[in-house]
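Report on the structure given below.
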Amino acid sequence: MTTLPSTTARTIRTASIGGASEPFWLRATLIAISLGFIFIVLLLPLYVVFQTAFRDGVRTYWNALTDTDTASAIQVTLLAVAIAVPLNMIFGFAAAWSITRFEFRGKRFIVSLIDVPFAVSPVISGMIFILMFGADSVLGAWLSTYGIKVVFALPGIVIATTFVTFPFVARELIPVMQTQSAEQELAALTLGASPWRMFQLVTLPNIKWGLFYGTTLCAARAVGEFGAVSVVSGHIRGETNTLPLHVEVVYNEYHFSAAFAVATLLVAVALITLGAKSVAEWMETNKTLEQKKWAMEEVQ
Amino acid sequence: MTMEHFAALTGAQAETAPRKAKNPLPGFGLSIGYTLTYLGILVLVPLSTIVFKTAAMPWREFWATISASRAIAAYGLSFVGALSAGAINCIFGTLLAWVLVRYRFLGRKLLDALIDLPFAVPTAVAGIALTAVWGPHGPIGEPLNNMGVQVAYARLGVLVAMVFVGLPFVVRTVQPVLDGLSADVEEAAATLGAGRVRTFFAVILPHMAPALFTGFALSFARALGEYGSIVFISGNMPGRTEITPLLIMTKLEQFDYRGATALAVVMLLASFAVLFMVNSIQWKRKSHSKSFATVPRVRSFLKG
Amino acid sequence: MKIDVRNISKSFGYFPALNQVNVTVPSGELVALLGPSGSGKTTLLRVIAGLETPEYGNVLFGDTDVTEHPVRSRNVGFVFQHYALFQHMTVSQNIAFGLRVRKTSKTAAAERVNSLISLMQLDGLGNRLPSELSGGQRQRVALARALAPEPKVLLLDEPFGALDARVRQDLRRWLRHLHDEIHVTTVFVTHDQEEAFEVADQVVILNKGAVEQSGSPDDIFDHPANSFVMDFVGNVNVLTGHMDGYGSYFHNLVLPDKSPSIGTVPAKVYIRRQDISFAASKDKTPFIEGVITYARRVGLVVHAVFQLSNSTTSIEVELPFDEWQSLGIQVGASVVAFIKRAQVFPVLEQAS
């Protein structure tokens, strides 16, 4: 019964709302302040993005999106996403599998390392790769003798993107897999499943919503990363600009409506991410509710 | 059976080495191998460059860089800004969490989903959008400007951006704790004659204090490192509206890698100190609170 | 398939979970591993399944040493305590899992699944998800899933532990009945002695990682090997007496237990609650006198406490209500008690 505090608490509370609740005028005021705050801080900026994007007409909007530099920025962004996301998905699963299913020394150290990109300013995240691969570093000098350029080129963008986005899948999967014990996987093994079949038929279906959401976050962040990529990209128009960098370049040239037009693409990605979060949470709540119901029956 | 008894019995078997305990689940070698290699290449080696770069730097130069007046001004702005933004977010974040958990009204679910917007919107987009709203010709900036209050291209602008990026951290850490607080505690307080205000300060606030502090610290850390949304709105005047990450960026653009590294060391120490505090609080919370499980999800949003 | 557990030792850190355990499960028998929590019974079951690696010793299936074989090639059916059903699969898909991963043809698998569904009395539930089933139904799905690939041995970890009392009763008999039909070598773990005695052909009693006794239920009940077994099996009164080379004595009473010892030693006297009866007159020997200090009817039996005269020792007694009524005794009455059966074990000098 101790595993069910939130649902029971909520039921009780709704039932007793008259007993320990605020008067109507206070409730209304608090809700009004919240809505007003959210309107000013979150909604107004969102509205302004679209308003400015279409300020000079649909044609200008369309031209900004179909501009060759925009197209190349989209390409660079997609390339970074296409490399960073799969690598980070594999990492996320590998890290979650070893951390939640096995005991070994140094586990907490690994968990803290996964948090590093969260703790570090994006500017510093970019900087470490300049220090590592820049022209005056040993590695950078060695690579340049082979004509390989990392910093201020595409490889640098991909590496920086991978760095800032690598924790997302792992961070989603670890709590999900921690709550599911290994018993279902062990059951699959006793029934004769090979490791691959166990993963495919038992592990994957159980983590799919966490994996889905973690991957969405990872991809959204890979598309939208600004600071770290800004440091390593070198801002070469039409070559090493990602979408957010392109927005900055266009904005700094005072082509406001064009900048906001490109920004609407990024806002769309953000809204899709929020939608994905709601879907994943909804699916998972359903599942946990069922498990709770199950646990309840067993207690009774 | 005593330990000696056990030892005596197994003594006969101890002549051969015991079999190693083996986890029947597959894939440990592969998964830990990938994890360690990945973390090594992507995190440990790049981070170590900071250490090498700093070690190769004369102490005098290091000190001169980090104590330059422009740097001090940048720390001051970053620190005071992040602190104020954290405080503002604590007030409005608690209010939002309260309203979302306790009240039922039209649009509550939408409001709940919108809270994550600053996590999801790329910082560059947030930066130009906030500038447009709070700028001299923006829907809020213009009336404020007429009253003589300048937000964009001033220190207030930095604060606005920091509030924007940090808000979700407070809401998302406080929300589950409020949700998990059972009604009977409050009802008990009410039956004992405590008014709503008294109940809030005596019963509810102490209960959510650790979560509130965690949210504050996460919001603070995020604001401290924030770059994208601030550079557009702040105006970037050295000594006045220049934040520390921007100063690092400026040094990098001038190929002053040593100077940038020195400032980065200062920032890293500050953020690690904050995260260390958060972790120690979370460990404490973990021991007596089930709502801890929701914290990792919030944290995975950090910088997102 | 006969299971041979030879000299198995296993520890978790400094905690010795199993200590040189030897158990033989004859082919086709149903054996219970019985013991209190922490006795190592579940660890032993997991060692047989290959879910734990023993530090020393061997596990043999028939003549094959399977100690080093991985779980998935052992061909054991394992029923987890909380069933570990695949929650995203229907009942049929759960049962078919072992066949699916062995690449059994679809028609053969469907046939086997259908026959198991009817054998397990799960008709009509094939398309349900585990979350839509009752506890007893989940239990039977787990059993069907384990049996589907025709395992050489069936292993069950506290199979009735998570069920309520009535369902447990039914399933117990049903498991016995099922075993009589399919005759697969079966080992199950339980902490409930009634369950072990009712279902198993042979009971192995474990305590602190070692086997205390193994034998048929009757054998263990009638001839407990030591005081632990006596204490663990059934509700007993533990009293202090002594024994010498001729017999055992308790409270100036010569006991029907004849086990002699060398020299005079203190002894523990074990008397089951049901092995004491009362009478109004002293017509049988040996008897003891005392007072009824407590009596309460519980359904068809009476629970009574009998305090010995000139002593603070109390004995708990359980006797049929009919008998109690025909004796016509009340609380506070002086009565004579007869001991039908007792077990006496010498108290050994203990190191701990």
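Think of it as A, B and C in the order they're written, each chain with its own count starting at 1.
Simple rule for what comes next: a contact is a pair of C-beta atoms (placed from the backbone, for glycine too) under 8 Å apart; a residue touches a chain by one contact, two chains touch by 3 or more.
Just so you know, these numbers come straight off a predicted model, no measurement behind them.
Colleague: Which neighbours do subunit A and subunit B have in common?
Modeller: A chain counts here if it touches both subunit A and subunit B, which gives C.
Colleague: Quick check: more C-beta contact pairs in A-C or B-C?
Modeller: Pair with more contacting C-beta pairs, A-C versus B-C: A-C.
Colleague: From the C-alpha centre of subunit A to that of subunit B, how far is it in Å?
Modeller: 15
Colleague: Please work out the Cα centroid separation of subunit A and subunit C, and write it as a whole number of Å.
Modeller: 53
Colleague: List the centre-to-centre spacing of subunit B and subunit C in whole Å, with centres computed as mean CA coordinates.
Modeller: 55
Colleague: Which residues belonging to subunit B are in contact with no fewer than two other chains?
Modeller: In subunit B, residues 24 touch at least two other chains, as defined above.
Colleague: Could you list the positions in subunit C whose residues touch two or more of the other chains?
Modeller: In subunit C, 50-51, 70-71 touch at least two other chains.
Colleague: Touching at least two other chains at once: which residues of subunit A meet that condition?
Modeller: Correct list: 186, 189.
Colleague: For a test of understanding, state which residues of subunit B touch subunit A in their complex under the given definition.
Modeller: It comes out as residues 23-28, 30-32, 34-36, 38-39, 42-47, 49-50, 53, 92, 95-96, 98-99, 102-103, 105, 107, 111, 113-118, 120-126, 128-130, 132-133, 138-140, 163-164, 167, 176, 179-184, 186-187, 189-190, 196, 199, 221, 224-228, 232, 244-246, 248-249, 252, 257, 260-261, 264, 267-268, 271-272, 275, 290, 293, 296-297, 299-304.
Colleague: Could you please specify the touching residues of subunit C with respect to subunit B in the complex?
Modeller: Of all residues in subunit C, those touching subunit B are 7, 9, 14, 16, 19-20, 50-57, 67, 70-71, 208-210, 351-352.
Colleague: Give every residue of subunit A touching subunit C within the complex, in rising order.
Modeller: 183-184, 186-194, 197, 201-202, 205-206, 287, 290-291, 293-294, 297-298, 300
Colleague: Going by the contact rule at the top, pick out the subunit A residues touching subunit B in the complex.
Modeller: Counting only subunit A, the residues touching subunit B are 3, 5-6, 8-10, 12-13, 16, 19-22, 27, 30-31, 33-35, 37-38, 40-46, 48-49, 52, 87, 90-91, 93-95, 97-98, 101-104, 110, 113-124, 126-132, 134, 136-137, 159, 162-164, 166-168, 171-172, 174-175, 179, 182, 185-186, 189, 195, 198-199, 214, 217, 220-221, 223-227, 230-231, 243-245, 247-248, 251, 256, 259-260, 263, 266-267, 269-271, 273-274, 277-278.
Colleague: Spell out the residues on subunit B that touch subunit C in their complex, using ranges where they run on.
Modeller: These residues of subunit B touch subunit C: 1-6, 9-10, 13, 16, 18-22, 24.
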